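Shared between the two complexes below is chain A, which pairs with chain B and chain C, respectively.
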Partner chain A sequence: MKESILEYLKENDDKYISGEYLSNIFNVSRAAIWKVMKRLEGEGYIIESKTKVGYKLISLPDTLHPYEIKSSLDTKRIGKTIHYFEEISSTNDYAKKLAQNAFEDGEVIIAGTQKSGRGRFSREWISPPNKGIYISLLLKPQISFENITQLTLFTALAICNALEEYVGINLEIKWPNDILLNSKKICGILTEISGEVDKINHVIIGFGINVNFDKVDFDDTLKNKATSLKIETSKTQDRKKIIQHILTVFDKYYEDYLNGENFENILKQYKSKMTIIEKNIVISIHNNTPASGTVIDITNSGALKIKMSDGSVKEFLSGEISLNPILD
Partner chain B sequence: MNINEILVLIDKLNETSINELNLTDNSFSLHISKNIANTSVSHVPEIVTPKLTIEKSTNDQTIETFNEKDIIVKSPLVGIYYEAASVDAKPFVSIGQKVNAGDVVCIIEAMKIFNEIKSPCSGIVKKIFPSNLEVIEYDQSLIVIGEDI
Partner chain C sequence: MKESILEYLKENDDKYISGEYLSNIFNVSRAAIWKVMKRLEGEGYIIESKTKVGYKLISLPDTLHPYEIKSSLDTKRIGKTIHYFEEISSTNDYAKKLAQNAFEDGEVIIAGTQKSGRGRFSREWISPPNKGIYISLLLKPQISFENITQLTLFTALAICNALEEYVGINLEIKWPNDILLNSKKICGILTEISGEVDKINHVIIGFGINVNFDKVDFDDTLKNKATSLKIETSKTQDRKKIIQHILTVFDKYYEDYLNGENFENILKQYKSKMTIIEKNIVISIHNNTPASGTVIDITNSGALKIKMSDGSVKEFLSGEISLNPILD
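Now for the complex of A and B:
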């Protein structure tokens, strides 16, 4: 009922609606209507109430409640079920728990903040409350392992395209899936899967986007490497709308992926977001000795095709890359 | 030749089409043979029962026998082998450790997709084939899990 009343207030936010009128159309007591208003206020909605006149919705909170995300979300699979937490250990960890039981393809987990948000190799991911997007998608794609790495390509591209379109900025993808704005990181993706040779049990795509982080939110080790949409655009951005945009674009790419369609176009767009093709780079896998060479291309599985210093051509599906400081 | 060298030799041999090898070095001799019936690649199951045995022919004592009930966990994808969840963490499994079905034994990563490889059964870890950060091919053997004693 709360959600229906909220929808009604949103549709009529230009006038006051009396409690009596609301109690008639929703067929509940006026005391029940009053309780709903109090609960909405508790969630951060600003509702003006005037004696003998009624209620009027003044503003929405900057929170990511499922019904806020779901209203006007036009997707086929993604976000039909949304789990929201003001605070959680990590959205990926929660998704893993959900995956132990039956779940729908496309469930979404969103948090206001994460107590132990993590990136790759359990590195800490900072999650200042209500300033970023901390989200995981829980999927069960019926695809073969052979094509699994394409997930990385279209996920990065979906986030990139949605942000560019909505915020009006130019972004860069750092292979394979970091998203940079003005050469600094604004989004990281952590994909964790479980499956056997012939069957994928679940895929969890978690990502964090630095939306309204202020400079003080980054410590010394991060401030030269990371930034936020707010810092770069000098404007507070609407997290809810950004999520809706990303889920919508992702939903479309995911549908194409499951149907084996549109991949050439995705790959072409992905390559156009990369700045390292034909550049000299250094690639390293953890503490192993780094290798260097010139990036020739990206293969259909997303691998980096590199002409090595010794003239041989190698493909890399893993590693951290950086521009070669000696040659570039 | 020590046991580790023999195991490395077996790994290498597994990647070739050589089915049998005799090796003699002073008083030591070694015979390794693959069961050819097991090398079919037309249909590759996730788990196969290994039929590879190593025998030290000098005194006919078995150094290490993988028996028929052992389970080899194989990689479902190409990627990097990670023995632990993070650089500082201790490895998921070590030789001689007991594991339960569903326990994570390692991670294979490709394109930043982290695939937790789980044990299909309960048992004892008898062998770990790759070393940390090694590039793993599709269907490559990762870990041997033997019967719980």
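Now for the complex of A and C:
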């Protein structure tokens, strides 16, 4: 009932609605209506209440309650179920727990803050409360392991396109899936996979977006490498709307992908946003000696094609890139 | 102490050893020696005990106690820790639980029988008590996802070579990793993987070998497709020795692989055992329409190279093969 009353208040936020009227249309006591208002206030909704006049919704909380996200979400598969936590260890870890039992393709886990947010290579991902987007998608795509890289590429592109469109900015992608604004990181993606050689059991795509971080939220090591939408646009951004936008774009790409749509168009868009094409880079893979070369292209399976310093051409499906102009 | 006394009995199984003598060399009471003998008998060891003469080990049980396996295991990494269960749901499932916490690369899980043994595509794997080998290796190789197929191929080859050498038979491999004896299946391998796109957290390689199965152990649907070493060689085989042999060969291949040894030699051996080269087959992948063609080769990354019926050449990294002579 709470959600229906909230929807009603939203639709009528230009006027006061009396408690009596509400109790009539929702067929509950006026005391029950009063309780709902108190609960909504507890969740951060500002509701004005005037004696003998009624209730009026003044503003929504800056939290990511599932019913707020779902209320205007136009997706086929993604976000039909949303799990929300004010605080959690990490959304990917919770998704892993969910994956141990039956789950729907496209369940979403959202956190207000993460106590042990992680990025790639087990690095910490800072998650100040209610300033960022900390979210995981739990998927079970019927694809092969060899296509996982494609999935990670179009995830980066979906987030990138959704942010550009909604916030009105230009972003760059650093292969495989860091998203940069003015050459600083604003989004990282961590994809975890479990399955047999032939069969994927689940894919968890977690991403963190620095939305309303202030400069003080970054420590000294991050200050020069990371930024937020708020810092760069000088404007507090609406995290709910951004999430809705991203889920909608991702949902479309995901449907197309599962329906076998050609990957070429995605790849073309992806390339146009890539920062490192034709640049000299150093690539590190596991514990091997880092290799340097010039990025030529990415292949249809998402591998980075590099002309090595010895002239040979190699392909890398994973690894860590650093831009490193070769001086000799 | 039990294991040391057992070792001593094994080394001296040509004579009787008095309880007094044992109590002296192991520095325990004669009552303690007597208790150890009773425990060993409970585990299936046959120990003859003559009043005033002593104990003599007559025979070992046909079970796979870790200390029996480890006693003459010459490996660097595989089987330093062995977990044994008379009965378990499935060795792969137990390995998955182990993988949730810290573990060593190369832990081994062995079962006397499995209540829910699984093969590829979630099919049942029958596990009659103490007649087969039901085993999982828990690994954390520092390799990329794209190399997992190579790992599965050399696992099949390691098992194949160890069995051929120890049992004195000729085996065939049906890509990617079924092992056949006289065109019937005697071993299946199920590889499960978990990790990030860049980083493998764990690989579980489970395999089941039909060692001393009798014909009645196969139901009607399996009778024509599966067989056992005992059925084909008319001889009861020693499961312990077979396990030791396989772990030793696998350990060597695994070390070589992690040390970056060229995969070509493995691939060459693998190909020489392949049943389907130059045969017409049907390959099914996930829910797609099965495709038919002629097998040309396997690639360096372990993919099957097929000349399709329309003349094009395609590569498949996974899928289910059925031999299907095309009649037109």
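Note that the second predicted complex is superposed on the first by the 323 of 328 C-alpha atoms of A that agree within 3 Å, B and C clash if a C-alpha of one lies under 4 Å from a C-alpha of the other, contacts with A are read in each partner's own complex, and residues count from 1 in each chain.
Quick note on the criterion: a residue touches a chain if its C-beta (ideal position, glycine included) is under 8 Å from a C-beta of that chain, and two chains touch if they have at least 3 such contacts.
These numbers were taken from a predicted model, which means no experiment stands behind them.
Superposition of the two complexes onto chain A shows a clash between chain B and chain C. After overlaying the two complexes on the shared chain, residue contacts for A:Pro176 are found with chain B and with chain C alike.
With both structures placed on the common chain, the touch criterion links A:Asn24 to neither chain B nor chain C. Using the contact criterion defined above for the overlaid structures, shared-chain residue A:Ser318 touches chain B and also reaches chain C.
With both structures placed on the common chain, the touch criterion links A:Phe121 to chain B and to chain C.
Residue contacts after overlaying the shared chain place A:Ser72 against neither chain B nor chain C. Contacts of A:Gln142 after superposition on the shared chain: chain C is touched, whereas chain B is not.
In the superposed pair of complexes, A:Ile193 makes contact with chain B and with chain C alike. Chain A residues 120-121, 145-146, 148-149, 152, 176, 190-198, 285-286, 317-318 lie at the interface with chain B in one structure and with chain C in the other. Residues of chain B that touch chain A in their complex: 44-46, 74, 76-80, 85-87, 89, 109-116, 118, 133, 135, 138-139.
Of all the residues in chain C, the ones that touch chain A in their complex are 120-121, 142-146, 148-149, 152, 176, 190-199, 285-287, 317-320. Across the complex, chain B is touched by residues 120-123, 145-146, 148-149, 151-153, 176-177, 189-198, 285-286, 288, 301-303, 317-318 of chain A.
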